[in-house]
Amino acid sequence: MSPPDIEVVDDQHVPRDVDVPLERLRDHLDNTWRLPPGLFGWLCSIDHKSIGRRYIVTAFIHLLLAGALAMALRVQLAFPEQQILGPDQYNQFFTMHGTVMMFLFAVPMVEGVMIYLVPLMIGSRIIAFPRLNAFSYYVYLVGGLMVWASFFLNSAPDAGWFSYPPLAGPEYGAGKRSDVFAQMITFTEVAALAVAVEIIVTVLKLRAPGMSLDRMPIFVWSSLVTSFIIVFSMPSVVLGSTFLLLDRLVGTHFYNPAEGGDVLLWQHLFWYFAHPEVYIIFLPSIGLASHVVETFSRRPMFGYPAVVLALISNGLLSFGLWVHHMFATGLPRLGNSFFAASSMTIAIPSGLVLFCWLATIASGRLRFKLPMLWIVSFFILFVMGGLSGVMLASVPLDLQLTDTYVLPSHIHFVLIGGAVAPLVAATFFWFPKMTGRLLNVPLGLVQWMLFTIGGLSAFGSMFLLGLSGMTRRVYSYPHTMQWDTLNLIASVGAWLLGLSFVLFTINILWTLSRPTKAPENPWQASGLEWSLPSPPPIYNFVLAPFVSSRTPLWDSPGPLPVVGGLRFDRREVLVTTVVEAEPDMRDPVPEPTVWPFIAAMVTSVILIASMYAPQPVAWGAIPFAIVMVAWLYPRRMVSPPAASVGPQAHQA
Amino acid sequence: MNRAAAILAGAALAGCSRNPSILLDTAGPHANEIQWLFWLFFWVCAAVWLCVIGLLGFATWRGLRRWRDTPAPATAPAEERRLVAWVSTGVGLTFAILTLFVGASYAVDRKLISLDSGPTMEIQITGHQWWWEIQYLGETPSAQFTTANELHVPSGSTVKLKLRSSDVIHSFWIPNVAGKRDIIPGRENEATIRVDRDGVWHGRCAEFCGYQHAFMGLTLIAETPDKFEKWKASQRLPAAAPQSDEEKRGQEIFETGPCGACHVIRGTSADGHSNYAPELTHLKSRSSIGAGAAPNVKGYLGAWILDPHGIKPGVHMPPNLQNADDFQALLAYLETLK
Amino acid sequence: MWWRIATITLLFVTAASALTYWRGSRDYRPSLLAEANRSGGITMSAVTAGGQPSQQLSPETNSHYEVNGFDVNEGKRLYQWFNCVGCHANGGGDIGPPLMDDKWIYGSEPRNIYQTITEGRPNGMPSFRGKIADAQIWQIVAYVRSMSGLVAIQAAPGRNDDIQAKPPETMAPTQPPKKGGTPAPDERSSQ
Amino acid sequence: MKPHLTLDIRALPSYRFGHRSPLWWGTLGFIVIEGLGFIFAIAAYFYLQNQNPDWPLGRHPGLLWSSLFTVLLLLSEIPNTWTKRAAVALDLGRVRVGLMMMSAVALLAIVIRVAEFTTLNVWWDSNAYGSALWVLLGLHTAHLLTDAFETFVMAALAYIGPLDARRFPEVEDNQAYWDFVVLAWIPIYITMYWAPRWAAGAVL
């Protein structure tokens, strides 16, 4: 056996970042972290900022498209007995609206924001497993493209965003429509699960020295909790949609009662995920909002520990209430009462967060800048959604309210108020950091008015429609039902809401065409990301910052204290311990590469082909295996200190 | 309360009887129980919402008054204590309200269960895409009969409905009478209703079930026991024999043409399957066709036969273009099915 | 910028072409014209009388039923509703010949099967002319062919939500038809 | 300008074993995800059993190959742990031997698994029981194949690959994943082969 050839080079002598003056260090880092040029470089990029930006932009486009569908739905329902959309089209439209908003806009949007912000907030240069991160984006991208392709071919999913079998099953869901739905779930959940793991590891291992758990920004906490929710909830829906695909393609019987299956199995597997999903969307949003509140109240968030505990208990409780989506299915009454109680309990932590914000605002030195307006709409809209949620959690009330328009009203109040409003606030807040440009204020004001008024009138009248007995998912309604007026109000409100997003888009595009002139820290915020230039360089921090409080930029005037000693001739990042964030290891970062993109393409082809026949999964495994080897193939970069190598090493 | 409701719910609800609302015009004890529970929730929630918005206004006003350009240091311990008191009060109140809600819901749920006891008759309702098959179960086969989309019950008596589905998940819901109960393939669900007020109540399928989920209507007719018995007796009878030659020709067309392949008319050789298509033995005794899609008058009936998709797109019944005379004969015959 | 857009557009087109492989659009409202032709025309509508007999409709005009999942699925439902199972069982054959094998007494082309259904055949196959809407007959034709794997696998229906008599048509092995001819006697007797 | 330096970490190593390396946390994350996949699949199995008074729907699956497979997996923990220790000790020679052994074990396991599929006594499209059975076994086979492949690659790398110290944490990681494949199998084995027998009141 040939002697082992581990090269025994001790890299202690290699010059480190602190050995050169800052200016030259910047040049070195620019050089080390540079991407290949052109399209190839773009496909190779594994930088968390560019991947995060792509997530955000893609999700925003999904928002606009699905929003346009909603506008069409409201045109159809504006007046009774209209035939603008036939039932087939209408079913595709509302299914696409719900599916895209939940799976392709909301969740990827918060993922994108996490991918972009978390490493900046914790003072890291990268997100953990950056190549996996790039892979996840391309998988998500193709999943979305597939769904829209099916829509433009008039073959979109049409069984609702929770596609209950048997309607979505093999006998009553003809064609490949529901397969597109099920496979879309596979695409997006693969991406989401990958991102969740990256975020968890990033938060636990890549925090700047000194940023112990109790000094983490609230958004980082909410990202951590959210990622755990994703990890613990999404496997169930992936399994459920796989069952559905198998039922439809190879004739398994998971949802076929005649052969021992059960249609409620799907509802359990789906809602066990889909209720926590609301918190997957909601928790990061209140994390973002907390920073807006803190910054403009000009004081550290009141009750930081309480807020963090509230986030965690929200995450835990969200797993204990999926059955409240199934009260009408005739499950045991007593169990229902338990789930009703637990569903209401979750209002307590959510309320606690709101009270802490109020306390922060009241005791702070408030400056009422534009982002704060969306905090106001958060209170107006989300509290309504939360309270109507409490109504729906009561078993007897739910029996009357469920599947009526009270439900769309509730979920839109919650998601538009609780998730979209904070996300818009966050956009106005972090846009300068991302792009170096401040968004236009007057446009923002008009947008805010349209947003709030539109939201209130649209979803308020939907609530009343539900009370007057209008069931959801109807493509038309007879005039004799006397639902005309409220539907018209709902439609007008919806269009105002849509208009506000048109203005938003215009504002963003117009601003992007302006020169970059935003300062490092336009809002005098307290987080680490505001110590960077706008937009930040590809390596984020020239020197790893050293953190000694929750609001570093407020507590340490002058430049941040730093930690030195990383190599600059190759990509390195500092790994710290889980709880106290003490420096523990210099981790070499993988180079940019195109393999994640190729791997994602191979995966996508396999997933799409497997909607038609089972064999592709088998033969697709071979190219996939090859690509994975190429992706993970190691390059010689690190060597152990001579002492720690086994005996044979010395012979080399 | 209810007048407040009328104002609140606006034009859509105001002052119309037989309104599909769950708030006005309840027809049975189940709906009544849920109604007062709703108002309890509604007014408390409204108060909470106003308080929160008020607090936000107050906090903003207070914060703006203290505005400085430099970030505040951690606030004074005294104020911090006051804030803690405020927040914990808020949380405490939230907890109290939720306890009230849980208790009230539980009580009402118990009450609803007790209301289900001691049904005096059983009716089997089968949900189809997109209509309702209704079977009145009697002791003897002769006492049983099947009809569609129109449910007659004697007012004041507790009726147990056995809910079955022949295809996908539906949900049985008559807003003025009681809450929903899903109809799930492979499961045997039951709903119990009691209608105390005579009259016509409109229900519909509440769980999305495909193209015509929007027009899967169900009419509930509550009438005095003797009227109900009369109706039952008339429904048990086979179809009346046609009189005129045109009507006879119509029956022949029905039996030999496409109609008889799916529909049933008792007393004729049209023995399709009453679980594929609505039974037509007493078609004209019903107020609507196509599960509430259109009124049951000769014009609509003709249009329905020629092109059902014009009225109810996606329905399973195909277009039927007879030549004009056959068509008129068929209509004339159907008009006799009182 | 442009090449990023180009890349994504390319991906979109790829996804689209992957999906166009089957037609998923649904035409649940059969052409009244075809109906008029079938019933020899009507005087009360604008449709002109005297269409050609439908078994002469060229297969091309109806081939789209075969690549449309919805139509084949409808055919499967109607196969039950019009009680084809009564004689042919679930394709295995009973009183009537099996439909899931490669033997076709009167031809396996859509138009042959269409004719078999409309005109009927000796030894017990009744004529359904005038009992089944034309479009529905073509849907049944498509389904019958799917039982022996003759329609695109992408359009073949999956299993039904009831007791399984046979594997779903999505898994049906393709039986290259032996056109025309009568099957060997033992098959007919062995049914 | 001079940065306000509080700490110099130039002496830190650039690889770590176990929970000190991000890689370990990443693997743990995916193990949790896939483990939950197994848990939900098993839950679905028992849920369906709950819906069906007579279970299994059909004959009991054969015990021979499955039990053989179980024994092999349990025994494989010996060379597996040995290899892990060798990796932590940065002992290339022993790592090479260990990886070869583990590759052989994985191959053998796959062969037995193929035989096991033939003794399920039910098809996936016969009834819900068959569906659940095939999914459980298929799910675990997917993991078996993945880790077998990874083991082959690691073994190859140990000979021909560009060697540096970071291989060793990766080997440790790969063997940890094999632990998961073994651990996940035990409950699945009991669920598939013994739970229905016990329910039917069989001995053992």
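Worth a mention:
Should a chain be cited, it is by its letter among A, B, C and D, assigned in written order, with residues numbered from 1 in that chain.
Methods note: contacts are C-beta pairs under 8 Å (C-beta built on N, C-alpha and C of every residue); 3 or more make two chains touch, one makes a residue touch a chain.
What you see is a predicted model; the values in this text were computed from it and never measured.
With contact taken as defined at the outset, chain B and chain C are each touched by A. Judged by contacting C-beta pairs, the busier of the interfaces A-C and C-D is A-C.
Chain C has its Cα centroid 45 Å from the Cα centroid of chain A. Between chain C and chain D, the centres computed from C-alpha atoms are 47 Å apart. If you average the Cα atoms of chain A and of chain D, the two centres end up 30 Å apart. A separation of 38 Å divides the Cα centre of chain A from that of chain B.
Multi-chain contact residues, meaning those touching two or more other chains, occur in chain A at positions 88, 166, 171-172, 247, 250-251, 253, 256-259, 261-262. Counting partner chains per residue, chain D has residues 125-127 touching two or more of them.
Along chain B, residues 167, 185, 211, 313-314 each make contact with two or more other chains.
Interchain contacts give a graph that is no line, ring or star and is not complete, per the touch definition above. In the complex of the two chains, the chain B residues touching chain C come out as 167, 185, 211, 256-258, 261-262, 273, 276, 306-307, 309, 313-314, 316, 318-324, 327. Interface residues of chain A facing chain D in the complex, by the touch rule stated above, are 1, 4-7, 11-12, 16, 18, 22, 128-129, 193, 196-198, 200-201, 204-206, 209, 231-232, 234-236, 238-239, 242-243, 246-247, 250-254, 256, 259-262, 265, 268-269, 543, 546, 558-566, 572, 574-575, 577-578, 583-588, 621, 625, 629, 633-641, 644-649.
Contact residues on chain C toward chain B in their complex (touch as defined above): 28-30, 32, 35-36, 39-45, 47, 77, 81-82, 130-133, 135-136, 161.
Of all residues in chain D, only 125-127 touch chain C in the complex they form.
For chain C in complex with chain A, the touching residues are 3-4, 7-8, 11-12, 15-16, 18-26, 28, 68-70, 72-74, 153-155, 157-164, 167-168, 170-171.
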